[in-house]
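Here's a structure for you.
Labels for the chains are A, B and C, by order of writing; each one numbers its residues from 1.
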Amino acid sequence: MYRYIIRRILLMIPTLVGVAILVFVLMRLLPGDIVEMRLASEGAYVSEETLDKERARLGLDKPIWQQFVNWMWGICRLDLGESMWTGQPITYEIGIRFQVSLQVAVMSTIIAVILAIPLGMIAALKQDTWVDYAIRIFSIAGLATPSFWLGIMIILAFLIFFTWAPPMVFTPIWVDPVANLSQLIWPALATGYRYSAVATRMTRSTVLEVLREDYIRTARAKGLWEKLILVRHALKNAMLPVITVIGLEFAFLIGGLVVTEQVFNLNGIGKLFVDAVGNKDYTLVQGLVLMVAFVFTITNLVVDILYAWLDPRIRYQ
Amino acid sequence: MIQNIRSSGIGIVLGLIITLMFAPQGIAAEKPVYGGHFPYIVSASNFPSMDAHREVTFAVVQPLAPFYSLLIKVNPENPSDPTDFVGDLAESWSANKDETVWTFKLRKNVKFHDGSLMTSKDVKASFDKVIFPPEGVISSWKGYFPMVEAVEAPDDFTVVFKLKFGTKAFIPAVATPYLWIYKADILAKDMHWYEKNVMGTGAFKFKDHVAGSHVEGVKNPDYFIKGRPYLDSFRAIFINKQAPQVAAIRGGRALINFRAFPPKTRDDLVKALGDKITVQESPWNCVLIVTPNHKVKPFDDPRVRRALSLALDRWEASKTLSKIAIAKPVGGCVFPHHPLGLTDEELQQNIAGYSLDIEASRKEARRLLKEAGVPEGFKIKFHNRGVEQPYKVLGIWVIDQWRKIGLDVEHWVQPTAQFYATLRAKKQAYAVSMDFNCRGVVNPLLDITKFLSDDIVGNQYAEYQDRVLDELHGKIMKEIDPVKLKKLLFQFEKRVLDEEAHQLITLWWNRIVPHHSRLKGWKISPSHYLNQDLVDVWLAKE
Amino acid sequence: MAVDRQILEPSTPNHLAETKRSKWKQAVFRFIRYKPLGTVGAAIVLFMILVAVSAEVISPYDPLETDYINMFTPPDFTHWLGTDAFGRDIMSRIIYGSRTAMLVGFTAAFIGATLGLFIGVASAYFGGRIDLLVQRLLDIFMSFPLIILALSVVAIFGTGTEKVIMAITVPLVPRCARVVRSSALAIREIPYVDAARACGFTHWRIIVRHMLPNVVAPYLIMLTAFQGQAILLEASLSFLGLGVQEPTPAWGLMLQGGAEEYAESAPWMAIFPGLAISIAVFAFNVFGDSLRDVLDPRLRGAK
């Protein structure tokens, strides 16, 4: 077991290094640069000389390989550097937004799980009946509706019927839980509905699979109540792939909620991403991508470990 | 000569009309109430740094201006008048006969937020930083002061500007809303301190800043104007997408978006909130310009460029597009209806493309194209910025108008960063593009530098050099007689827009700011950088 | 080909006697009878393709034609779905928009799934170090959130329909490769393959004749799933201003224009494109779901 874990951790490293190289190269392929964006964007006239001086200050005039080495060396010391746009440390910039994104991700996942597991089970139990169809239509509608459109509709509904808008500024939950929740519950719902769709279908199909297994038939033949059968046997085994799916989706919630954050004006990672890419803020984008990749790989690792622990067959691949 | 520049008749009347039409409550009649917290929207993600001397984006001014003071500023009682300035830190100012020496007398009771007294050395240090930045310091406003020779502080409360030549461009330049007065002692220790910190003399003290989220300020009890500010505190909230902005205002989470809303949004808000919403409108000191690249055939031929301008029915567009876009006033190179610019009649009679007879114009356009050898159905790729208001809207209109003179136009839209990259590349990366000219204080003499040769100014992207214009501008800068100045400006505009058709003005922008009626004491100005210090703002009881 | 025939027609006693065409007809009928939801999905998809192809014929107006007198008209008899901010007919724009959606959806999904198919199969077949390397590469691309990868591609190569297709295809490839690889791995382990190698069959022949047929099922499922994802991604990219550009009609673009500013006073501007997207994605998903139920023997019901 330990060897498995260590192997997986070691495999993470080349992945992360690959991500680092990819994002580094990608950023430098983008046209335009941050100095122009910042100093010349609103039509003011700044001399070429001034722009060059600023580029030198940011280290953009050094050869590419040197910039890369400096950056990687910084990573090894856990120093992500400073944002080229604001000059603040990247850990500070990301830290503020991470709070918001994390909370939305957690809340979305909770909502998704609350919706998906019971619905998926019922749909599997009543396969091909109208209940099954209704649940499947409900969940696919969640997949099909653009979540930002859903978000806009939610906000609109509140405005039209209650002349109420959610708070536009984030307050941490320990400072003011009411303000915090009344801001974040709506994006969590809009996103959670979407993610519950994926989880519902996965739950349904794995429960269906398990229900066909021999030992379930045996349990039924023994005369146990259907409910007990499900809860004890089916659920435990069906949870494995569901956990995988939920784990993967959770990782995407951090940093992937770009449009939803725009609609609800959440000061989250997705918004930071879009702005950073738009500003050509190399260091910030690199730091962000690495962080997101790290979260993704760790989540993958945790899920795979859970999987291997619960199902010994997988370990020996 | 005391030079408190007062407006011409047109300016006063304009200001009065705007005030009366759009402030039915009668701003002057009510008595201000003390107290209250003022949340407002800044239409951006965040600001790059806190130093307005080096940044050019309104995302710096709108949240941070309340912490600082300027030397002189646009009159907050009459901000729509582009020639009316009042003193902020300056009590009064005067000039010598040929306007080459300007003397400013400072107030004596101004304190920084740390308690120290503001003196002339602070003003000198701040202006030196802007006009004569030391090595390693970037000043984005240096280009506004080519006429300044030196800044001196003969005594504690007097500042003297020595100019190389007298010019009408000087006073509006000094009123630029980015020229905050910093503390000399701090600048002496660290020129970069103000990029991440706040220390000013404004009506509000800095409380908090959460990157990407908001800025908070509280009342400064020692502000140098007794009885001000009225507000207890404010919070500037960063929201950069329109849907949540409108939601915030409708839901009462914010009282105003200081930038602007498009006409339809204004209509929606009025319909939804009735008389809880007040709308203020003003011509905006921003204009969209069609820029043909002079190095790309056939746009090197002035006949072709003229034809492109003749095809545009500006007067009609002003009526129809203003319903869906933030564009409306028709003008030349100079801010519409500015005393130094062309009147509507002068435009209609003298400049190509401004005639009221659009059929004749379009016929002429077709004739010119034929003469220049441009075939029917000629393909043009029109380069534009990927921002809805008013770029894409006006772009779609321009394409539509050019189709009417037999051109086949494709819309090539790029997001902001790539858009600038293409413009600045200067390797004939585009054939015809949309460009813009946005300024803060209306300062026609400096605003028209956009049209000078591209080896003199860095933001002319049409890739041409016109020495006649450059010389003309040199004369304009030095002419202090208003009548002669107006004649020179007329010549300038005629050459740019008509004779050479170097660049084509489409429409000037229209600033529409609907806000909660509770918000009082703020009057709209031609630019979203102006009048942001919140000194006179107060909130009526609910 | 013996494998999938068995899946589709378990109860046919003497398949040698029937012709291939009537076997397909039987399969289709069985699909309609047992998978009504999937059939509805398939029907909607076919309808959309029809609309997209015949846009010039059935569209009442020119989608690019502006009409400043009739801006923002609500749905009525002259404009069944109303007009937008420039007076352009919304129904026509939705009809032409289906063309963009189908184009973007099909191309991106097809290229993405097919590339993923080849990469996944090759990686599973060759195994060893190659597999490890490809796995890492796939991991790297999967670690980027979908939309960030798309953002970068658009930022580098610009906007426009072709670039959007490219931007959407890139993130889809590793996802398909992953799934296909797991299925292909199962085949890899069978001694059958080693025996074939021993007989001297080439890599190519073994892959095509023995591995591909077994991964057709997950491939088809991913293909249909990707359609829906591609359409949604296009909508998101357009909403951010990075997708197809004005004045080309595209559903995501129409959503952006409508939803942002006019959601309350002219709701039809946002509702109809939103509905179009939802229905399209819904149809693809439902069809793909039913396809999976049919092709994967473990999931078929007791019937």
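One rule holds for everything that comes next: a residue touches a chain if its C-beta (ideal position, glycine included) is under 8 Å from a C-beta of that chain, and two chains touch if they have at least 3 such contacts.
Because the structure is a prediction, the values reported are computed rather than measured.
Ranked by how close its C-alpha mean sits to the mean of all protein C-alpha atoms, the top chain is A. Chain pairs B-C and A-C differ in how many C-beta pairs are in contact, and the one with more is A-C. Centroids of chain A and chain B (each the mean of its C-alpha atoms) stand 41 Å apart. If you average the Cα atoms of chain B and of chain C, the two centres end up 48 Å apart. The distance from the centre of chain A to the centre of chain C, with each centre set as the mean of the Cα atoms, comes to 23 Å. Residue positions of chain B touching 2 or more other chains: 241, 243, 272, 415, 417-418.
Residues of chain A in contact with at least two other chains: 30-31, 152, 156, 159, 262. The set of chain C residues that touch two or more partner chains comprises 155, 259, 263-264. Contact residues on chain C toward chain A in their complex (touch as defined above): 37, 136-137, 139-148, 151-152, 155-156, 228, 232, 235-236, 239-240, 255, 259, 263-264, 270, 274, 277-282, 285-286, 289, 298-299, 301, 303. On chain A, the positions that touch chain C within their shared complex are 11, 14-15, 18-19, 22, 26, 29-31, 127-128, 133, 136-137, 140-141, 143-146, 148-149, 152, 156, 159-160, 201, 205, 208-209, 212, 252, 255-256, 258-259, 262, 270, 273-274, 277, 289, 292-293, 296-297, 300.
Residues 66, 68, 71-72, 85-86, 154-155, 158-159, 241-242, 245-247, 257, 259-266 of chain C are the ones that touch chain B when the two sit in their complex. Residues 30-32, 36-48, 50, 53-54, 57, 85-88, 92-93, 96-97, 152, 155-156, 158-159, 163-170, 262-265, 267, 271-272, 275, 278-280 of chain A are the ones that touch chain B when the two sit in their complex. Residue ranges of chain B in contact with chain A, taken from their complex: 45-49, 54-58, 136, 138, 140-141, 143, 195-196, 210-214, 235, 237-241, 243-244, 247-248, 250-254, 272, 415-418, 420-422, 424, 436-439, 449-450, 457-459.
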